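Take a look at the structures below.
Look at the two complexes coming up: chain A is in both, with chain B in one and chain C in the other.
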Partner chain A sequence: MRTAFKTWSVCLLLLAAVMLVIGPVAVNAETPKRGGDLVAGYGQFPRHFNHAIQSGAATATPGTQIFASLVEINQKWQPVPYLAKSWEVSADKLTYTFHLVKNATFHDGTPVTSEDVAFSFEIVKKNHSFGPSMLGPVDRVETPDKYTVVFKLSKPHPALFLVLSPPLLPILPKHIYNEEENGPIRKNPANIKPVGSGPFKLVEFKPGDYFVLERYDKFFRPGRPYLDRMIGRKIKDPSANFIALKKGDFHMALFNSGLRLKQVEALKKMKHLVVTSRGYEGIAAIYFLEFNLRKDKFKDVRVRQAIAHAIDKNFITQKLHYGYSKPATGPIHSSFPWYTDNVTLYDYNLKKANQLLDDAGYPRKANGIRFSATIDWYPGEPDSMDTIAQYLKPQLKKVGIDVQLRPPADFLSWYKRIAGWQHDMTMSNIYSWGDPMIGVHRLYLCNNQKHVVWTNTSGYCNPELDAVMAKAAVETDGAKRKALYVEMQQLLTADVPLIWTHEAPYQSIYNKDLRNVITSIWGSMTPFDKVYWKDGHAPK
Partner chain B sequence: MFAANKAALLGLVLGVLIALLTIFGPLIYPTDPFEMVGAPMSPPGEDLLLGTDYLGRDILAGIVHGARTTVLVGFSATSFTVVIGIIIGVLAGFYGGWVENLLMRVTEFFQVLPGLLLAMVLVALFSPSLPTIIFAIGVVSWPPVARLTRAEFLKIKQREFVLAERAIGAGNWSIMWKIILPNSLPPLIVAATLGVGVAILFEAALSFLGLGDPNTYSWGYMIGASRDFIWETWWAVTFPGVAIFLTVLSISLIGDGLNDAFNPKLRLL
Partner chain C sequence: MKFLFTFLRKILYSAILLLAVIILNFMLLHLAPGDPVDTLVGEMGGATPELIAQLRVDYGLDKSLPEQLLTYVVRMAKGDLGQSFNYDQPVVSLIMDRLPATLLLVITALVLAIFFGTLLGIIAAQKPKSLFSGLVTVVSLAGYAAPVFWTGIMMLILFSYWVPMFPACGMREVGSGAHGLIYMADVLKHLVLPAVSLASIYLAIYSRMARASMMDVLGSDYIRTARSKGLSERVVVYQHALKNAILPVVTMAGLQFSQLIAGAIVVETVFSWPGMGQLAFDAILRRDHPLLLGILFFSTLIVVGVNIFTDLSYRLLDPRIR
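Right after this comes the complex of A and B.
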């Protein structure tokens, strides 16, 4: 009896061990199946498909399916081969040599060559709004032969690989986009009839309504892509989008596509959907309350610190966002490798806030008010903008600040106020775009005070910080660079030119039968050639 | 007679209650409607009598304090409407000729524009605040009053007592304002009363569309702010909705009662 039991247990143990080893392998070994459509709703619908001349996720999301790039970035922030099959970096980190794959062709059949890479580099540098900051250090691009590209740098560029990845540097065919033969690039008809070398080609586009991307049969990665078509539809009504996701008519939602968080919460309970916060590590959106530091009332750092102490970030993230967002501690998003929480933190403390305002010389008047300030906010993303502004009104009244709400009539009227530096305070956000030097520096550099939103519209200037950022922008040693960014975060949190309220509550929402949806820090702004349906088609 | 109309009496009682709420409500229930006093989205009766909205603001406080805005907008916008309407109607009806022609074409111009749309444009143009909302509602609602006044003037200015006044030497001005206008008031009073209800609905519509004064609590604002959360917090939109409904109903009933009271034909019965 006892031996029998022993034998059984040994057998069971063995079986368990075998299961443990085989289990994960069996799942991974699921062979990808060809076929099927992927339909997604777009909250912000692209006006054209050339993200070499247009920043923003709306253009880059379909754009990265149409145009290939030199490298992809995986989920560990590492470059992986794409159009470049291999590369070498010189010891001084000033020369990058890329070897291109030889079988890549554009959708019109012409081969992708080094000429096209050099051409695309020039176009992006000149026309993309991050062009000067992200490609400034690149002195020139040489093309010793058809399949070799050499980037010559004037100073080290720690974020070069990120810049060369799909959302930021698409490779355009020179014979279609060059300005000598085809006129100014912004007016090139190929912007709405794009020709790229990515896994999908555009076959139909109805502006403001829908677009259809179809599998490119001669895509250079053999057997790819798996999907037949990718279809994007403009979301005209947020609740229709919600219903389409619920019913399974839409298979994916990007950047929450206008859904309120309570709708996301409802979708999370649906069995056919995956809802995850992954896929936005590169974009790393941070929301903040911006002060116009040209106004006297915000010049004293104690006033800004007081307001920071008066905002309960946990209430925002837990009660108003149901836990979908995270409190932001400083200028750098916590998904970034350079992030630190070793900074000046502002706990929720009304007593301290009142004390700081008294010290700053703003005593409460007879009506209990110290001073008034207006607040504007970005129209759109109501959970992160409108709701927070509505929250700040009663909240700041507790410390004697009378907040007057100025709801934005539309994007343009908000843009005019902020770009015109006419605001007191505004709720706003930025995308960090994979590296602080691309997406973060712009808010704080002294010389970036422009009449354009998402630049240094607060009017902040700190030469010491500028020096740190300048050093970080050329530091290629990972540890030293991180130390510089830690210093940056400490300087900024002590000075609080903005109050970073929370990190984006963005979720990737997609059908659970889709595979390999998130393979990059760029989430949906990455070629979907590896994405496939479990059964080779969308569920009925 | 007014009292003979039971519905009108009911309206009057309701109206008095709303007036009392407007005047004394904030004194009895001083909670700041903007303040977050409870947990967000708590249902009626749990923490607070009427529950809280998505930010944790007290709905009851909103109803009590919002009444002032709503009533203020209703009456000021109507006064504005009536003043413009009467001036234009009086001039057009009395002088006739090219004056009438010009003023009536202008009136028609305003009449063919969709009211809510024009009000939205005006509010968006001058940035939403209480005065601009009152102004916008006034600007879009005066044409009916002007036409009514003109019609009354056309009717009355031919009567014998007016001719008699003229015969004993009364000037235009005096005939216009002291003789004809008082005699054409009854239908205008009814129109103005109903106008208050229309103005309240207008304000609610503008606020619902996000064009209300964001720094003043009104019932329309409450509905607009919570409309995205209607499934989670039905109470946050229902109670202010009921409040608007009752107010407008009471005004309509009073207007009807006044109409009956002023109608000489009914008086004979």
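Right after this comes the complex of A and C.
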């Protein structure tokens, strides 16, 4: 069996090598065809289409089709010209000058100018939930002429290009969204009738039901987009999504769309579908078990280390997730350039775990129990939450910890409990959003202990770590920055304020006749102007 | 005159009921942890406390609870159901968008259940010990016993995937641009599976009820008289007996209409049917109280309306009831 597997692997590797050589040629030989619809079922459906004021993949996925941005980010984490055709960065890394394309127009026909860029910057800085961490270092945005934008920084900002990319900084037309003439931006009717300059424009929207995006004929990239329409439908019950994907009625599913991994496994066997883990490098979602360090029992690092040793991450990823997830080694996702596995790793070792708990002063009592603790989690992700909770209960019993599971009534019940710091342990998930300073620091900064979820709700504080993160946030030299993040990962894994269990098992599922689906670390949150159907239409 | 009085009294009761429904649900929804801004923050993957405070002010959630309730009731008395937090749109327009879908589903299911339930019940009643009668009992009980989401998913697998006769979800082909008869045919095609799933529960009740009541009526004196007059069995059953036998079915249908709307939530979820049930479900999860209260207001109106309609149909069916 093993040999057979090895032979197979060798064959696959050879095949891959051959494909690498002839692959690019084959792709180049195919000229993109115009036409066709792309239909996708959404588990999380957008409420509106303004992702400048609402972060999250549900809004950004259609939003990035409707609004253009200054740059795109490719699969190698590099900025690619989009609305900005070129740029210069000053030697002190404090001035970024962007030159805009001159033929870009909004869907109402007005040209895209530097004024709109400066305006969008203000809106995002003020209203986006990551506004301060994303744009805090930007002091002001100047507009010397209609097609030149200058970002003046108060301190270096290593993630600026990433922040200027489609999911995070959409360019809104000032004449439609400005608050002086059109009222508060959250109440602007254009949020559901958006006007952007992206490849597709919204033509129909039924809240909580469906939306239809249509090709914008005057899109500034000539000949693009190829698709006629993109249609999104809200699907509440994953079974219906599963059947529609199997039948070919739906052509794409993102973030697993609520599908169970068992269903993903079944879809992978379908000949007309591609199932790949690519497309989530930027989101970089990590699941973890968080300790509330305000509770005495978790103050001793040995207790946390013991629990880390008692969890078999491979069982989670291989058995519970059929190999769709990867064990997480620390706070940074392995898709990130700053990742290292040169950290304190916790092997599955019950003996060591028991020893550590004894040393920490929690001996087993007559009934074999050392102490009890609760685990909370939130609903909606059964594979990454519920099944793991059910695994943890008997597992931690083996080292003498009596776990009471607290299944959530609904999302907000969990939210209030965690934001109120009332938990012992909770399972949770965080999106890293392309750069540690945007999505990761918030869990660990001493001064970010807020009564809001996905802040530092564990109550962890390490001034040494804070100093490292502060340096990394202004370090523009790639190698030096990586060294700082290696240090961060080492500090955190030694202290284990959270146990990072696994990297999200998200898959991109799409019809194999679709081309250029994944061209960015942002996966589907990137303009689909280059996506086309092999035959110019969806397969019949 | 007396009828008018009864009618007016019913309306007064309904108004009191409605006010109680609103206040009770407002309170219940506020007992649950979290508010619409928390929902928003959850969706956004976190936010700064400053932004959260600003949002609370924007949505008027910084005011005290009695103040919020009072504002709501006063506005409602003026006929304004307010804005949904979740969709940032007027509640009335959201509901008006969804109401036809729910009514279409529920009424189709009800008609299917009453028509086929009564028909099967009558046929079974004529030969209560026959194989057919037994079969009706077994099938209808199976439909009653199976949870409706399961029936729905089985229908999906059977008639959408294995035998691809019907679409898997939604109410129409999105973006087809169809209108007129083609559009109606499209909606009909989408309607079959959800309506049959929803009807399956009630079919059992109505067929059992029609069967029992028909057997009862068929044993009464006037039927014997009719038969001895030499009338054909068909005339006896469908003209003389049916009117009396169907009364309990009508009562039951009227009483159960509110349950039918509740059942519709599940069916709408399975088939992504864009009805009010879905809207209500999301409104609860997101603590969107203007929307939820608006939906409850309309559902109460419908249920009250149906009850009055049931009363009226008694009078048509049985002139003895005044």
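By definition in this document, the second predicted complex is superposed on the first by the 514 of 540 C-alpha atoms of A that agree within 3 Å, B and C clash if a C-alpha of one lies under 4 Å from a C-alpha of the other, contacts with A are read in each partner's own complex, and residues count from 1 in each chain.
As a convention for this text, contacts are C-beta pairs under 8 Å (C-beta built on N, C-alpha and C of every residue); 3 or more make two chains touch, one makes a residue touch a chain.
This structure is a prediction, so every number in the text was calculated from the model and none was measured.
Peer 1: Quick check on the superposition: with chain A as the shared anchor, is it clash or fit for chain B versus chain C?
Peer 2: fit
Peer 1: Applying the touch criterion given at the start, work out whether A:204 contacts chain B, chain C, both or neither, answering first, second, both or neither.
Peer 2: In the superposition, A:204 touches chain C alone.
Peer 1: Would you check which partner chain A:75 touches, where first means chain B only, second means chain C only, and both and neither mean what they say?
Peer 2: A:75: touches no partner chain.
Peer 1: Once the structures are superposed on A, label A:390 by its partner contacts, choosing first (chain B), second (chain C), both or neither.
Peer 2: In the superposition, A:390 contacts chain B only.
Peer 1: Considering only touches as defined above, state whether A:105 meets chain B (first), chain C (second), both or neither.
Peer 2: A:105: touches no partner chain.
Peer 1: Who contacts more of chain A, chain B or chain C?
Peer 2: When the residues of chain A touched by each partner are counted, C comes out ahead.
Peer 1: Between chain B and chain C, report the minimum C-alpha distance in the superposition, expressed in whole angstrom.
Peer 2: When the complexes share the chain A frame, the smallest chain B-chain C C-alpha distance is 8 Å.
Peer 1: Overlap the chain B and chain C contact sets on chain A and report the shared residues.
Peer 2: Touching chain B in the first complex and chain C in the second, residues 409 of chain A appear in both lists.
Peer 1: Using the touch definition up top, name the residues of chain B that touch chain A in the complex.
Peer 2: Listed in rising order, the residues of chain B that touch chain A are 32, 34-36, 39-40, 54-57, 124, 127-128, 210, 214-215, 225, 228-229, 232.
Peer 1: Under the definition above, what is the set of chain C residues touching chain A in their complex?
Peer 2: Within the complex, chain C touches chain A at residues 32-35, 38-49, 51-52, 55, 58, 86-89, 94, 97, 149, 153, 156-157, 160-161, 164, 167-170, 174-175, 268-272, 274, 278-279, 282, 285, 287.
Peer 1: Please name which positions on chain A make contact with chain B in the complex.
Peer 2: Touching chain B: residues 260, 262, 319-320, 382, 387, 390-391, 393-395, 397, 404-407, 409 of chain A.
Peer 1: Can you tell me which positions in chain A touch chain C when the two form their complex?
Peer 2: Per the stated touch rule, the residues are 37, 39, 41, 44, 47-48, 54-56, 58, 127, 129, 131-132, 184, 186-187, 191-192, 204, 206-210, 212, 229, 231, 233-237, 239-241, 243-244, 246-247, 249, 409-413, 415-417, 419, 430-431, 433, 442, 450-455.
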